[in-house]
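One structure follows; several queries about it will come next.
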């Protein structure tokens, strides 16, 4: 039975511009818009890019959940079981997805390694995100898939985990992630956007970055003080309207 | 779709003596038997009895899972939603169950309070176990239901959680709990026994405690050294066999 | 210069009934009302009563702040310095205050001991609250003053702290406390109520507990299910209105 | 080869009055004297009495060290090996010793249980102190031996540890303990006194408590302010000298 | 009212050579001198350079303090309030200052982002130091200002903080920082030097590094053993004096 | 008296091919083989390479242990004491060793700095591994010796430690390390191999990597799904046998 939060997300249609607008802004901007929209709980704590260069992504969350290792469950044989969640999902996750992994913050084992990384790239996945570690990071660093995690660890997930299921609500980095929610990442880490808010957040973030380009020009080139300029007071707001009316030069 | 680990547990039949034999032994003894059976991961970390007097229980696990609070999900209105997991399960959990709650180790909010505690007692539940806190502990302490948790906290679960589902595999106190597994508690805390191992563990633990009663007599009354006596060397094993043959006096 | 948040608090007048209504309800109830009012951040994490019996209190916060020990600052001689914050405040804190101490969560040193506890009792203080430890707890446990902390620790505060100032905004148990805010404690720990919200929260909590007495009767005595009863659906709301109209029997 | 710090301790002779004077004062007082003597690192973090009543003790440290579990080392069979440290030491530790256990702060396994507790009591041990947990705590709570630990845990030490050696320098609760050092405990927990300082510390603590009895009288009975009285200024010092000259009444 | 520790610092005059001598040595050397001077508490825990290249700095501490987020305080509107501490200080901090931020070790929100970083660079600030995270790190990494923090995080400070005040004593990375104290950073992180000790520490560190250059030559080029050479025994001390007399060649 | 676990390790002879085969495989592969051999506890938690380039090593463990700082023990003078463990071992550790340091996970002080790093390189040491920090990391990063640690920290070990002994069993990164055990490191961190298992593990890991090269070819070049291919099902096993028979092309 599909989770009702998942069902609810499936009914929400994204506007055509939503993902591209999000791709044009930063996670810092989006998190500020989320704050203004009443959402503080949006940061995937602990997930940092293995490689900074080219780490940016926006995608829909496809979730995987691990529960703690138990010696009777976490046996090497499960890796060959076609129903084992960590393996089965690899052939189900697809284009436009970010694989978001609830590793319960465990930094001592890697949940995805080099070979699965290759297959996930082949499957069209846009990023891997976890609040735990990754293994074979030499290979992952050489690949093109953005990988966000707490860092490297050689042991396989079975050393400390058992993958119980996928495409259910999870916790990742102390943030709730429902399949279908939007996740995006850049040098500042990964941010979660509730799917129901994604359209509005994308538009507001797009506008916010336009304003910040103007503010930055005032501060960086004109040497304006931060107070009054960022955020802009009424006078600066007027200047901004004029600048907009004149057409953003850049 | 019911989880396959849950289905597997449902097929396992407990022997008539299993629960009563477990009720006659301590969690310390059971965990030693589990160690000898290859299981180290059996301790529900952080779950201690609110009241020591009368805290002992053995029961089948009925699980509840919380994911992190998100401002758009964890709204007070869900408490009146008949499908909200934390409320819906109260009328499904029943006789012989221990309600085992994955609170992700959060000690700042209580997941069950006084009124739900009363209803759970009415429903025939044998214990509440969580790796998080409880609220209204004055009431819970006055009740008869054993409650194991990290301690008290006034805020409701919605301050930090959203209950996503129940009767699925969970993590509780860094231990995997599958619905139908056996949990038992006493002054030393709560231990998890994989259902498939419960019959054998119960028998072995029962025998181990008989041996320990004999060993304790030797050490406490006869002043024997610990070395050689506990665990018993060959000579003491022989004495034990004689003692058994003579019929345990106690 | 007095902090502007402190000044703002000083201008807020409490209604005559506010403190007495809060004294009649539980921290669990108050935290639920705060949640409904948009406040999740209200729990003084780690502060539990040294003695459960008689731990209840409601008071205005009087704050003390510690910064980390530095060998050139945290010398025993400061204890005799009349300007040293930890000692000077003892003669300024007074009737109706709870002394709320920012100990940065350090559990290895005690910030108040037996002799200061006696003097604080004499001064009319209603409670001591800290996110750190207390020392001379034998004496504190024998006294009448409610003391909330992380537990005992023998070393004096100077082993790990320097008291920098008092009556400024602090962090206590990961919650912001402004002098003049209301703090209240019971078996579930300590809750912070922003002073500007105290009047409304007190009224709403008072009403909420009346409702809960009714709900509890339905569940405890009449065996009603939790669903629909708590929180009450429309039908139960009607019953409640009738019960209220008939005059609460208790 | 005996460790050189241990050898150095063995050469230090305690004065006849040292242990009895320490037994007459509190850990809070002793830690203050240690602070004045330049020692801040003296608190065995995490070790609290299982039973408050009768927990006081002063003894020489006899140390036991655990390293992390490794599946090839921490096998149940070692419990029957006469050379296994955790068992061998039981017959070597003796009168006047406190068994101080380096459990690396692990709270999920118990390092001493009921049967060993009985034997240690028989051997004349004065206390058990650990920065980890204990098992069979029902039995330990019923015994007469003071036990200081982080709390109960059912699993045996082998679930998470291997005992590598005893009577070597250890870390216990983030404090260095050398065999022969003095440890003492009361409701405020356990304090370590370097053996070389024990004679002086005992004398100074004894004198400090006499002064505090006088100061407490001034504050408790005469309502004196804390400032000037505790610590005493020059005038109060004079009063104290007179009080001493008159003979302490108590 | 300015804090008395701040006032005391303001009266301490630095020698002309102090800052330049500190700029010529490493934090490792300075911390060793501080240890020899009785100061162990000098390390700003968690603050590491965002960019290693060019991270070195020496400056006077200008402090900013955050207390925990409270929903009624941490509203986006405060960013436009000219009295809000985090914004007001930007126009007060100046040449020769390092902005040292007490972020209570929170790694999930950034306290300074790209635009404020530009303005701080304009103001002549020499470094930003925090025990929490930074946002817009792409911009900060491209800037010239050394930034020390726990790493990146997209959310703004208001997600988790409220800035209560500046230029008061703070805790940063578990170390007390008084405005006017000297902070310095390099690849090993950030070290705090109490202002009153800065002149002496600078001189001793300068001398220590001269000695270490000599010692390193003996070990690296002459293959001397570490024992006896580092630290130098009497014979090596004599060699050093001769080397000094001959004039340091480098 | 040498520890008996150390003596046992000394009797175990490594095959000629063992170290070279381990040098040819990854820590990820080795940890999987250890898992299949019943060892989950093999990861030196927290030890990551200071410099990724050239960090690979395989070596025998030479251990150093630190206990917590105590002001009477951790005095600068010990650095000149020829018997002080941290200095004495430098001239005893040698070719083929990795210096493995139990720093109790303390990230605030560095246990090895630039000058000792030079001497250790001279002594033929193959790597330094610690669960704590290092100092003078500018120098260490410029050297050729692989250094694995939690990161940089300026203060010397004496700020927080005292080195009690070397070549005894230790905990490093929550893993037991016996002198003579094999440690190996690469981008995924450091793995411990019990000496008694090293020969078998090396052979199995060597074979596993050959299989993985084949599997990777199938997935990367032929676009095979992960399921069935990794781990290989019966059909893929047959293909592999043919590939092997044909002679690995690479």
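Lettered A, B, C, D, E and F in written order, each chain numbered from 1.
Heads up, the rule we're going with is that contacts are C-beta pairs under 8 Å (C-beta built on N, C-alpha and C of every residue); 3 or more make two chains touch, one makes a residue touch a chain.
Worth saying up front: this structure is predicted, and the values here are computed from it rather than measured.
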{"item": "Joint neighbours of subunit F and subunit C, given as chain labels", "value": "D, E"}
{"item": "Proportion of interface numbers common to subunit A and subunit F (over half same, under half different)", "value": "different"}
{"item": "Geometric centre distance via CA averages, subunit D-subunit A, whole Å", "value": "50"}
{"item": "Separation of mean Cα positions, subunit E and subunit A [Å, integer]", "value": "33"}
{"item": "Distance from the mean Cα position of subunit E to that of subunit D, given in whole angstrom", "value": "38"}
{"item": "Residues of subunit A engaged with two or more neighbouring chains", "value": "40, 69, 174"}
{"item": "Chain-level touch network, classified as line, ring, star, complete or other", "value": "other"}
{"item": "Set of all touching chain pairs, with the criterion as stated earlier", "value": "A-B, A-E, A-F, B-C, B-D, C-D, C-E, D-F, E-F"}
{"item": "Interfacial residue positions of subunit B with respect to subunit D in the complex", "value": "26-28, 30-32, 35-36, 40, 42-43, 45, 48, 174, 186-189, 191, 212, 215-216, 219-220, 223, 225-228, 230-231, 233"}
{"item": "Residues of subunit D touching subunit F in the complex", "value": "1, 3-5, 38-41, 67-73, 83, 104, 162, 164-165, 168-171, 174-176, 194, 196-197"}
{"item": "In the complex, subunit D residues that touch subunit B", "value": "69, 76, 79-80, 82, 87-88, 90-91, 107-110, 113-116, 118-119, 122, 135-138, 141, 151-156, 158-160"}
